[in-house]
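I'd like to ask some things about the structure below.
Chain lettering (A, B, C, D and E) follows the sequence in which the chains are written, and residue indices restart at 1 in each chain.
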Amino acid sequence: MDLKRRDFLKVLGATAAGSLLPGCAGETKKLIPYLLPDEEIVPGVANWYASVCRECEAGCGILVRVMEGRARKVEGNPTHPVNRGKLCARGQASLQGLYNPDRLQGPLQREGARGEGRFKPISWEDGMSRWVSELEKHPGGAVLISRPVPGTLARLFSTFIKEISGRLLFYHPSAERALAAANHRSFGIDLLPEYDLANTTYLLSFGAPFLSDWLSPVHYGFAYGRMRQGRPTVRGRFIQVEPRLSLTAASADRWVPIRPGTEGLLAVGIGQVILQEGRARLAKGDRGRFEKFYSAFSLDQIAAETEVPREGIIRLARGFSEAAAPLAIGGGSAAAQTNGTNTLMAINALNLLVGNLGAPGGIRFLQPVEGFHSAQAHPVSEQALLDLRGFFKKQKRSVLMLYQSNPLYALPSSTRFREVFEDAAFVVSFNSFMDESTALADLILPDHFFLESWGDFLNEGIVPTAGLAQPVVIPRYDTRPVGDLFLSVAKRIGGRMEERLPWIDFRTMLREQWKTFLARRERDKSFEAAWVERLQQGGWWGPEGRLVSVSRRALPDAVEPARFEGDPKEYPFYLSLFESMGLHGGEGANRPWLQELPDPMTSVVWGSWVEINPKTAREYGIQEREIVRVISPYGEIEASVIYFPGNRPDLISIPLGQGHTAYGRYAKGRGVNPLTLLAPMIDPLSGTLATGATRVRIERTGRRGRPVLVDQTGEGTRRHPEGKKGET
Amino acid sequence: MRKWAGTLLALWVIAVALIVGFFYSQGSADLRGQDRQPIAFSHQRHAGELQINCLFCHRGADISPAASIPPVYVCMMCHRSLKAQTPETQKLLTYWNNKEPIPWVRLQRLPEFVRFTHQMHLNAGFKCTDCHGQVAQMTSTPRAATFEMGWCIRCHQRNGASKDCFTCHY
Amino acid sequence: MADTKSAKRIIFGLFEPQTPLRPILDRLQEMKFSEESIEISSATPILAQPVGVGWKRFRLVHVTIIAGAIGIFFGVLLAGGTALLYPIRTGGKPIVSPSIVGIISYEMMMLFAIVTTFITAVVKVLRSHRVAAEYDPRIDEGFVGISVLSDRGDPRGGPVQDLFQEAGAVEVEVQ
Amino acid sequence: MVEYRDQNAPPGGPYRWGMVIDLDRCTGCEACVVACHAENNIRISGEEEASKGRAVNWIRIERYWEGEYPNAQVKFMPVLCQHCGSAPCEPVCPVYASYHTPDGLNAQVYNRCVGVRYCGNNCPYTVRYFNWFEPHWDEPLNEQLNPDVTVRSVGVMEKCTFCVQRIRGAQQTAQKEGRRVKDGEVTPACVQSCPTEALVFGDRNDPNSRVSRLSKDDRGFGLLEELGTEPSITYLKRIK
Amino acid sequence: MEARKDFFLKKQKRAGEKEHWNLIQKTNDDLLSPMFETGRSYYVVVAVLSLLVLAAAGAWTYQIKTGIGQSGLHPPIFWGVYIASFVFWVGVSHSGTFISGVLRISKAEWRRPITRIAELMTLFSIMVAALFIFVHLGRVWRFYYLIPYPNQRQIWPNFRSPLMWDAAAIFTYATSSLIYLYLPLIPDFALMRERVTGWRRPLYRVLALGWRGTQTEWRWLGMAMRIITILIVMVMISVHSIVGFDFAVSLVPGWHSTIIPPYFVVGAIHSGMATVVMGLYFVRKIYRLDGYIRLEHFDKMGKLMLLITLLWSYFYFVERQVVWYGKIPDEMTVLDSILYGPYAPQHWAMIAFNSVIPLIALSIPRFRRWPLGLMIVGILINIAMYIERILIIVPSLGHPRLPYAWGRYFPSWVELTILVGSFSFFLLLYVLAIKFVPMIAIWEEKEGILHGRYEER
């Protein structure tokens, strides 16, 4: 019998017993942080708790609606400057992570050989002892791969790892490392800027999927809305340059289907025209340098290379430079090449040419929240992860720890990252789900879900905020917050470690951290009052971050052509992998809401597909929905074809996120993981994996697939029901 | 005669349908549930003799859709200090000491598709007894009214409240 | 069902199909049997004008029309009245709209008319059984029966039986 | 003939809830879709059912291709129940499960529905969804269900309600305070989540509400309004 | 009619008179013999049909237990085989009333062996049709919400819904059909009452209402028949018009057409006639009633069918032509899908079976006197009419106005089982009825014999 929505009698009783009995040890203590006196928890009436969304790396502020002790709905926090009360599909679906039927419910120990996938439950005590003894057995050999956790947890991790002289790698697959590297090189600042889309009048985007999964889609989505219709007389123009018509390009006024890997060249061409036509707004000192750089290129050659006609380039340049507030951004497919960093630098140079740094509608670097003591939590590139292979080989037997990261899925098999797991003496995972990497662990000590735990989130890039997360529901399973684990191990190890990490649990550490911070920020209030206020608000943020002045205005060292793996004759197609709206890099694949969320462009749900330009498909005699084999020098996959008029004819595009071999019932064995096709091509400047640098060919199988389309026939969507009405 | 047989059959079918429908519309409330309450709680004793206000225990009634069952700790507010022990209060103490909720059997249940809010009705000036009867004189509390739709509608009509379906069903 | 205990009796003569009936009927009328007390049974309708009882100037179609009118009234109540009892707005349609009331009333009119006509006819058929004798299977084979209703003590009983015998009745029976 | 009059209208006349959807802002990100799923206890159909075309999206983002490469264009159009003033789905329901509320909502009363599915056929927007089976949530996903919204049983039609549970909540508050619901006081889940603020919700009978003002925009049109459905949703054309 | 009135009263002395009365006895025996002579094949047929019906009942039970999702329906196609079958069976039910009604009104002599077969068809097919309303309901256990009766909820059904018109019309029609079948059966029940033994005897005794064959009874029967015949033809027209309204009053492209109600009536009669011909053929063939269902009857039926085919083709042409010429985009989408799109094979098969083949075949006099051929044409027409019901429902629903929502439909095994079961149920009722009522109205036949005899002279 299903537990129905209003079955609150039982839960109410549980709440009553759990939260109201004095002297209740263990987990129930966690309920006391509720902001409301327990008398005010009334069945049938919702309570709202502010927290920070941890579904992606943007760190939106959220409000969680809790009724009868259960989280019912997640909504955007209207006061949070990152998302202003809005929330994306993934954030909404975080509830299905919390209540996912396949969550790990307690500590597990491997049985049988590694990778066999057999685990048996053990007690926390035993689990912790094993972990500690393994750590002690391998001094100096421990590696922690964690998702980026800017804030107190990063400080805890880095202190801990430093004390055991291990390595700490913050990694997230779609972290746009190339963008950070390019900005660092261009502007000399180690921050992600805020692109002031809302005030832009001409947005030139090179592949940046800012409306679906780039940096902070909600933040930029909000700004996009303002850019289009937020100003009474001005409507910002928006051009998207990329080989595949992405979700973001769908909203653009014009889509420029450029040849993959030549985005940097196009940027250079545009820059050249701007300079030649004398529209550059450069400082005196820079002009010579710029002219020298740009004069080295021939516009005709650029036009030929990029396959954007010369007039088109000139038009783009004029439109861009004549605009009141132009802005060029780059990322996504433009960054996913071996020349990604240089491409992005060339795009940055466009912004330098029109002098929009710090201007409204331009690029702004904002000072992070000051006075917050935290360790750096900048994500590392794929190259850094791959370097671990050598480390583990050399170190021989060492301990690998995983926190909320799944590198085995996120890295192409051609990178042979699996070797790290094979070489590790002991693998501990703190993940909440049995994902591909966790399945290879020796010990699983599952963390609380983020809605059950304390935490904070220091947003350094984009909009500076310090988000504060509190548990909104009683932990559902026998899990433990990872912070508490590290602190208690610190106590077991003792010595200097204990000195550096003296807190009894993570909550105490967090409070202390914030006490120091708030003491400086809100001097007139007592800590308790300020703390409660911060909890209610969901963190701390100032009225408007201070601008950081940019000292460096660098041009790319060179704009070299992108390298591709695979002979163009044998492998005639470029490959474009893109993050699907709901699943992103695959983290969302175990949330049924996201699996059933139609892909906005193709309306596919619950599976993978291959997008081919209809013209190309017809040349090959491929029917729509036919299963096709995509072959690269490194692997092959099979999936159904969807005719996609927004693909270059020489491009095959496949969504990421499916093809899990583990990760619960909704994800496992569904669709294909196109990462298996990829060659281990790396952008040398940023160390980022160049996902667009592999060439492929296709073969027909003749079998008809059954991709699930919400747009059932697919025919009708070729015509718009409104005809002329939908547009002007 | 054949015609009558047909009529009789039709009547029989309608009668069966009505009977089935009647019981169906009763929801899943078990009217004999009071025999199976874990503790023989007496409203007569508490609300009647001791004159405890309804809202003291059912504290959700005027602020929430649900009147709510009191948490164990509300019972213990008094029973902690009471010296006299009966087998029934002993049961209460057992629950309290084991930190278990009391599995009360629900008697006043509306079907899932009915959205009833106590709050609105109390705010409109109704008393608990208007619908639940003289609870203060009952040892067990069966339904005082049918709680069927027609019963709701009649009252809504009498009091000029909305008869719109979307008031209660969504 | 003819009741043997009642004061009435039926004299029944069964005749071969070819037997001419007119003379028999003429004789019966001469014997002052009223039209209402003579009935002819046959396997198919044979007379355009029946001779039997209960054939008054009753027009079945009147019943039909009255029933139809009641049906219309009922239909109006059903389609219009019930809608007014608990008015609910739907899709820009008025609570009571004439065409819809018309459709329902039409169906109800037909239903009432047909059912009432049927019931009336059945009642009439059942009531006509006072006069006729029990069914004889041979009637199905084409034989024709003549029933004469009279009081038990009626002196004409004997002569009627004689008449039937004379006319070549296959069987004469008194019920 | 006999027209329906509401006895319980708030001060200043009845509401007429409506929405404005700015297609120039909509980016097709589908945040609204999941928000709606979370708020309204929409079932998870699963791959098998979805492959039969039975996936439920009270609000769906329709995507239309125009042109061929390299001039291919995509347009998104969020389509949800238009809460027609003269809804084709309403009169065809034999049991009044589909009807029109005094505040302009096109209501679906689940417990009254017997499942003839005529309304689904007659809806020109195809925004009505049917419960082909008893909905099921793998434990403990069901713990997320919103207690304010009925979990629909097998055999009934369901559709967008403009998050009536939120509207009723706001109306009750307003009624207690003897006033009308203020503009922006209540938003359906989709409107609340929309990152680009493409969706705006409010009372069309209030001339000063954002919805009323925006729907007078030159770009405004009603989806299939030529059918005389009087939709409560105004779309603002996308500028190209 | 003076002469006829005194038919019995004249002295009958002509030669061959005796034979004539023998003929009446023979008629009784011949027409009753199917009720008493039961071969083994009969039981086989009943068993097979019962099994199929049971299978359908099982499928339906399964559907009720699990959900209507067992059908192949999905948005936007909310109606499929069930409603198509409903419309089809309502259509078939029109034959009986139309033929017997119209022929009775026009006093056509050749109706005599046809009426009973047709009337039974009416009753059984309307029963099957009504069943489909329930099969189709999503929550059939709540069907009583559709019944107008005073209830505690104080809510009545919505008579603004065409489905309520349907309910009223079907109820009226089913009741009337039962009465219309029953009235002319009374004398036959009386006849059978005398000939049967065992359990059937008390049953017939009740059903015969104590019939004695008196002229008063005949008179009342005749009058009731005349009135009800007229009324039921009026009901019949309204019933299928209302079923047509279900579609015509909606906004669905391809449905919203003023010609739909009369077109439905004609289509109904078309399929009904075809079914009657099939019934005639099989009853005649199996029970060797060549002497009663004669070639002239087939010839007449053939002519009537030819007329209806022409009428149907005309209506069809008008409907499509108007849409095609008007070129309203949404309507054209539906029409295109039917004429050239995914539904084209079915559509052109339908045109062939429904119009072209019958038109050619039935125009040939010799063909009309070939029962087997006529029966085959009947089968073709019925297949085509079923396709036509599907083609009215599915392509229209499959192409709603917003193309994103377009869909295709294929029935599931549950739907197909129930569909087969419905045909079996109809046949089973018919086969069982053979043992229960004479397939040809015996008294009418006898009346015909005597009448014919009279006319000869």
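Operating definition for what follows: contacts are C-beta pairs under 8 Å (C-beta built on N, C-alpha and C of every residue); 3 or more make two chains touch, one makes a residue touch a chain.
Note that this is a predicted model, so its numbers are computed, not measured.
The minimum number of touch steps separating chain B from chain E is 1. For the pair chain A and chain D, chains touching both partners: B, E.
Measuring from the average of all protein CA coordinates, the nearest chain centre is that of D.
When every chain is reduced to the mean of its CA atoms, the largest separation from chain A belongs to C. For the pairs A-E and B-D, the count of C-beta pairs in contact is higher at B-D.
Note: centroid distance chain A to chain C, computed from Cα atoms, is 90 Å.
Rounded to whole angstrom, the centroid-to-centroid distance between chain C and chain E, based on C-alpha atoms, equals 30 Å. For the pair chain C and chain D, the distance between C-alpha centroids works out to 63 Å. Chain A and chain B have centres, each the mean of its CA atoms, that are 50 Å apart.
Multi-chain contact residues of chain B (touching two or more other chains): 112, 117, 163, 165. Residue numbers of chain C whose C-beta contacts span two or more other chains: 83, 86, 88, 90, 93, 97, 122. Within chain A, residues 4-6, 8, 44, 603, 711-712, 717-719, 721 each touch two or more of the remaining chains. Contacts from chain A toward chain D in the complex involve residues 2-6, 8, 44, 67-68, 70-76, 83, 85-93, 95-96, 98-101, 211-212, 217-218, 221-222, 224-226, 228-229, 235, 245, 247-248, 250-251, 253, 255, 257, 476, 581-582, 592-598, 600-601, 603, 605-607, 613-615, 645-649, 665, 670, 706, 708, 710-712, 717-722, 725-728. Listing the residues of chain E that touch chain D in their complex gives 66-69, 72-76, 78-79, 136-140, 142-143, 145-146, 155, 157-158, 160-164, 167, 246, 249-252, 397, 400-405, 407.
Contacts from chain C toward chain D in the complex involve residues 83-84, 87-98. Chain contact summary for the complex, chain E toward chain B: residues 141, 143-144, 147, 149, 151-155, 178, 182, 206-207, 209.
Those residues of chain B lying in contact with chain E across their complex are 1-2, 6, 14, 17-18, 20-21, 24-25, 146, 148-151, 153-154.
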